[in-house]
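Presented sequentially are two complexes of chain A, the first with chain B as partner and the second with chain C.
Presenting the complex of A and B:
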């Protein structure tokens, strides 16, 4: 049954998956082209110097791409469920409610993590021959909050879309905006090093907020 | 599951409000804080300052005794700072305090040194550029390599190839071993830029607290141990590279004492100023051939010390106290605490709880009573008890989510 649910989720999101993958690759390629230009027009030393002395990572153009990926994925996954209350049908499947919703959320979060991990791998493979490990970790640690924000965006959009009342939806949107703002508060390189693991754990835990919305939906809150 | 998430959501909303409500309040009540620009005058032997009124239009040139000066008179009592204006007006005296003074000499002797906690409390990649100090060219050039300090030694990495330069690494490593540097290195400082007149490389302390001076001279390592008192444990170092070439650097120790490492004799001389913690305080030094005006500032106070440039002893001192910071604002009655994530003192992001206030307890109790009255007819549950306790402690931050999440 879970396999069938996962397949249903894949059917809903496969085109978006492709679009998001293309957008992530395109933005990564754009940033890497800029790095390539610095090396060819100036020198690798100039690139190292910028990374050593400024808060620039050359991947700033990607700042909001993971967030939009997460938001779009949640919309594509859960808006169809809420149209004509199809979620009701889903909840009537012979499986515990939490397992059904858990599978749907798990699918979405896993898809995002897979996309983000692939992007990270591309970035690492590109930077590895040209930068020292200290600078690669600086770039990747500076970018990490943006990717966690993508998961947070997914979690809060799912939470909001699955919510049955508009009043509570508004509250969820405001809470989501405030929570996601946290990931963009500091523009300094490696600013989030001390807390990024905790932020990731909290964000993954908050992905379960949708259980609250679904429970209210099932209770018939209007 | 949904019960657990109800509580998690309630905690999340409370935390968001503990961050955003004080933030909005502080934004709305933001006041410009400004202390008068003050320098020690060698002419009147007192501090001279420029007072600015609220609308920033009227400048009052004065000294500590209350004497009022015109702008031209003010230039004359601070000739070392306003020498360019004096030269333009043809008013620069031939001698100042009996010492012949020319614009070029004053320019060479003057320096401004600044350090902020924001520059120190930061994650910095541990790779350093070592410039050629004795280049045959006039301008300094950035090197093609950087070095890293490992647990056991020094390693140079060629930036073009991203490979360790084994030959150069071995050359420097042998000198480090010769001079008995104990790895890993504790503190290191330099100015890796070619936008300066000359290069003094790096000053660093090894794992035993010994101080060393590292430079690259015609491709060869220059490493000199600097003898310092064994009781002095250096914590922070700045390489100065001022035009006057009188100092190698400024240093602080673990007891927040401030020192100067003089050039060319490598004497570590204590500067007679109040303890200075570079991780928490700002410092600006306006130096000239006669005196330094050392400005130390934190959130509340600005302490100014006039230092004799030759002996590095205190001549005079004064302080500005920001009395607004002591005033009890409305915030302390509204908010039992404030949550923030960033600070002007560092480049780190992490949750910080500050400004705890017992004065907000009164409002907390009022809100608790309102909460009990509002929900008196509903069923008593453990969740309600948790919310009531949260309101008693966290006041408005917990009260608003309790109202928003009521069923």
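Presenting the complex of A and C:
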């Protein structure tokens, strides 16, 4: 039965999945092209120098891409469920409510993690022959908050879309914007190293807010 | 016959607006019961409460003996639901939606669904979103029939259907429910054709149940009386046995379960000069209007 729910989620999101994958690859390729240009025009040593002395990781163009990916995925997954209150169909399925919603959210978060992990892998494979492990780690740790922001964006949009009343939706949007802003407060490299694990834990916990929205929907709150 | 659905003292408000108070009804096993009422009388509210999508302000409902707020998933497999407007997963095509639902229901009858889909003449890969309202209604009906549930709950199935599709839906549903001994609870605000489908009806008025009876009993016993009034009588005196008595241009009319003698006695008692007192048998739509009024 869970497989059937995942199948439904896949039907809703498969084209978006392709678009997001292409966009992530395109942005990654663009950033790597810039790195390649530095190496061919100057040298790898110059690249190392920039990475060590400045806050430029060459991947800044990707800053908001994971966030938009998360937001779009949640919209594609949950707007069709709320149109004509289609969520009722889902809640009528012979499965416990939390299992149904948990599967839907789990699908979305897993899809994002898979896309982000693939992006990380591409970046790692490209940088591995060029940079020292410490510098690769510097690039990846600098990018990590952007990817966590993508999951936070997903969680807050799901929370907002599944909420049955517009008044609460607005409040949810404001809370989401305030929380996601945290991930973009600092532009310094590795600025979030001390807190990123906590931010990730909080983000995953916030994904559970959607259960609250569904519970309100089920109580018929208008 | 055991009741499949039982509602006791069901009460609901939206904010301060009372929808109904202390509603009591039950749906016997193997019967097709229609909850009929004008717009805004609480038909969809009742369906939402029964399916656990709305917490009632008061009272309790059970389906197969289980409180509807805590229905076991196994029991849910025995309940098929049609949402108002035949809402389904419109982003799926007819093959995908069948594959999706099949895994949830152990008694799934794929052939019942495809038998109906063959009549639709749509491509197997056509998305439901691109179908007409009538075609979507058949997809929803096909899914319900394939689910092979013991109880079917249909919310305003006639919404948006042209007469042809409405008739097709009714005939298929009636034939299916009777041959497979299913219990059906449905709502509709279109009463036309309904006497061809339902066995029993509950007629809801604002805030209360007006009547719960079998359709045959209702059609046998509920009558319209018409008569000519000789003097200028602006209105008819109230009587608890009469529904919506009225006078239009010297023609009196009233609706009642009482017989002709009772009406004559009433007219004599109130010294109403009259002639041509006649009674008419009514179809279900006229009975509905007679009970609830035109306004």
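By our rule, the second predicted complex is superposed on the first by the 222 of 222 C-alpha atoms of A that agree within 3 Å, B and C clash if a C-alpha of one lies under 4 Å from a C-alpha of the other, contacts with A are read in each partner's own complex, and residues count from 1 in each chain.
By definition in this document, contacts are C-beta pairs under 8 Å (C-beta built on N, C-alpha and C of every residue); 3 or more make two chains touch, one makes a residue touch a chain.
The structure presented is a predicted model; accordingly, all values stated were derived computationally and were not measured.
After superposition onto chain A, the partners chain B and chain C occupy separate space and fit alongside each other. Angle at chain A (Cα centre) between the Cα centres of chain B and chain C in the superposed arrangement: 140°, in steps of 10.
Once the two complexes are overlaid on the shared chain, A:125 sits clear of chain B and of chain C alike.
By the touch criterion defined above, A:95 reaches chain C but does not reach chain B.
In the superposition on chain A, A:86 makes contact with chain C only, not with chain B.
In the superposed model, A:41 makes contact with neither chain B nor chain C. With both structures placed on the common chain, the touch criterion links A:220 to chain C but leaves chain B unconnected.
Contacts of A:178 after superposition on the shared chain: chain B is touched, whereas chain C is not. For chain A, the partner touching the most residues, choosing from chain B and chain C, is B. Across the superposed structures, the minimum distance from chain B to chain C, using CA atoms, reads 12 Å. Residues common to the contacts of chain A with chain B and with chain C across the two structures: none. Chain contact summary for the complex, chain C toward chain A: residues 14, 48, 51-55, 73-74, 76-77, 79, 81, 83, 85, 87-92, 96, 99-101, 103-105.
Interface residues of chain A, counted against chain C in their complex, comprise 1, 3-4, 7-8, 11-12, 80, 84-86, 88-89, 91-96, 217-220, 222. Within the complex, the chain B residues that touch chain A are 1-2, 5-6, 8-9, 12-13, 16, 19-20, 122-123, 125-127, 129, 142-144, 146, 148, 157, 159-160, 162, 192-193, 341-342, 347-351, 404, 407.
Of all residues in chain A, only 43-45, 48-49, 51-53, 98, 129-132, 134-135, 138, 171, 175, 178-179, 182, 185-186, 188-195, 205-206, 208-209, 211-212, 214-216, 221 touch chain B in the complex they form.
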